[in-house]
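Please go over the structures that come below.
Each of the two complexes below includes subunit A, the first together with subunit B, the second together with subunit C.
Entry: the complex of A and B
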């Protein structure tokens, strides 16, 4: 998806501090959280894209984002701002704020 | 009885001890091309959709029955991936273009697996095996193979056994024989925890074997077409083992005592504490080894003193005041922690691991020492340092422990300075154990064997050279035990050797009176101790 194909209603970014990067467990938590929002949500490794569907664990894992990578978010939809801030918080909390199960 | 066929002995390496007699069942392997005549598109895509849904349902059922968090996390990941439409999208596109569904699914998964296989990061590379597991499960359902369950009590033969398949089978009385596999694999750990005999590294001829067989994991052999005499002997050994086990039901609640009436302490090895739920602390004399690298396998726990304190408290409370030995983080080599251990080492078993790594990450070490000193105020525990080579390493850790206790005291936090001992697993330390200021010794036989014999633990070809009962091992261990016993320093053994009933007499003969074993081995080890008579055994096993 190139940037001009959509007009993001909310954007954000944060540094991935989780030691393993976007490994299995963080990716599960991340995509599960993204799916709670009706907005379309994207994740990218640059503010210029390319953008990846943040609700797809297959795509998020495929980023192979490692520690200290800055991850960028964009969202489009009524709850776009909430989605971005929730995802930023999850990454900043080192994936601890919603321990799974 | 197929007396016409010759009895064949297939040699393998024991990955989980025990005996099993059963019918060989070849695990359904992936069929590379089950290309069928192209049929109508809609029903093909519906059959793939259905196969994926069934696979998710099977994995979800397994996840609900999973008994440890590792198995659960692995299954959660597979389910999430399968439920993601992105994974199957290319397959559905191919089906629309008349590619048969099995082929379409295989191709789509192959391209994903290649991406993981070629990853720089070892963690991502390891996920390729999860994707293979998922690929084969869905393919099996598509081809109708997966609905054939392996009958309980079978001896499963395969090149390798995916962990999700292991978890879904009923292993009662059965066993596993693989041409590949590793004793350090996830499946091997699960098999040992559940007492399922397992051999690895058998010749490929295994896969052609069929009919009844005897799996003697204790002696590393699979016997096909056994003759009458072999069957009778085997049945007698199984019976003896059962009596041993049956006796252990009684033994479990009793202290372990030799035939000569001497008490032997039998402790348990604990991975992450999850296994304690089903165990009665009265069955053991304490915990001889807590493997904290399994407890703290996620990097962010390494600096989380509060989390660690909670975990250690949970374990020491379970022990109800019995001794608990917690080993400091023993990461590295076969136990990586992403972001903590060194990714690329040409020879990781001889590299930065155990205390060598801890002394380079002092904040992490200090966090663990603080959490342990605080937990020691709740119930008794002692600290064991892994991979010590020179006395100075132990001295450095002792200094840091004293500092941690001092600062905790200043901060007004309850703490107790735990005893500080060492693991004896590096030959240099074993040969000079008198030079170390250790409060206790615990022999780590697994690493000691590989360092003494210069044999990599994961090498199948070298398995025969790694007999733990060889004179070199017994001599080096006997010297450590002799030194400890004359100086009144507690000494124990916490490697796999301690849990092997075959080795127990030799360990008692060299003077050990404290063994720490996997919980599943408690029964058989206590039975082996009960059979032990000192003089006879001492002569038989002296090196």
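Entry: the complex of A and C
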């Protein structure tokens, strides 16, 4: 994805309050939720990117986003807005929203 | 929805294999066909082609199965177990080149989202790319 062509349909951000940050289990829940949407979804630690594929468990874990970091989301596709709001809710719920939400 | 890609965990130690499988179940959930085996039939460390063959049946999915191995015999015995499968099934099984515990969790996470075999394998192998 070239930065020039990047025109997301939906964006969002929230502060990561979870104690351990994006460690293993939160990363798994996060990518599992992202995969439920057909939109392309990205996560970044700045609203300017660089953007990471939110559906890639390995890349999301590699971000090593720690507590109190602001995480940014961008999505492109028909359900982009739903994807962003669901992911924001998951992070804001301290990852207590189960995968069955 | 189609069944997801299955995961078979093969370690020389039954405790390691079971522990890795527990991590998959608790962290990723129940949406992934999963089986593990480890130890030789005499109760010592080792792997067994028969046990791997049985695990492949347990975790079988028509979308394919990835086998996670620890080292040496786990890999060669897994390849022998694959050889025993009917030809049509053989092409749907791959042995992953990834650390057994972390790779199992990564592969299962990818599988739980409905990804195809090759993508599941890549998720596990992407973790620590070979130099």
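The criterion applied here is as follows: the second predicted complex is superposed on the first by the 95 of 101 C-alpha atoms of A that agree within 3 Å, B and C clash if a C-alpha of one lies under 4 Å from a C-alpha of the other, contacts with A are read in each partner's own complex, and residues count from 1 in each chain.
The rule is simple: a residue touches a chain if its C-beta (ideal position, glycine included) is under 8 Å from a C-beta of that chain, and two chains touch if they have at least 3 such contacts.
Please read all numbers here as calculations on a predicted model, not as lab measurements.
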Legend entry - Between subunit B and subunit C, more extensive residue contact with subunit A: B
Legend entry - Touched partner set for A:25, first subunit B, second subunit C, both or neither: both
Inset, instruction - Once the structures are superposed on A, label A:57 by its partner contacts, choosing first (subunit B), second (subunit C), both or neither. - result: both
Inset, instruction - Please indicate which partner A:15 is in contact with in the superposed arrangement: first for subunit B, second for subunit C, both, or neither. - result: neither
Inset, instruction - Using the superposition on chain A described above, determine whether A:66 touches subunit B (first), subunit C (second), both, or neither. - result: first
Inset, instruction - Considering only the touch criterion stated at the top, classify A:35 as touching first (subunit B), second (subunit C), both, or neither. - result: second
Inset, instruction - Take the contacts of subunit A with subunit B and those with subunit C, and give the residues found in both. - result: 24-25, 28, 31-32, 56-58
Inset, instruction - Would you tell me which residues of subunit A are touching subunit B in their complex? - result: 18-21, 23-25, 27-28, 31-32, 53, 56-59, 61-62, 64, 66-67, 94, 96, 100-101
Legend entry - Touching residues on subunit A, where the partner in the complex is subunit C: 24-25, 28, 31-32, 35-36, 55-58, 99
Inset, instruction - Give every residue of subunit B touching subunit A within the complex, in rising order. - result: 72-73, 76-77, 80-81, 84-87, 112, 115, 119, 121, 123-124, 127, 130, 298-300, 337-340
Legend entry - Sites on subunit C touched by subunit A in the complex: 27-29, 105-106, 109-110, 112-115, 123, 126-127
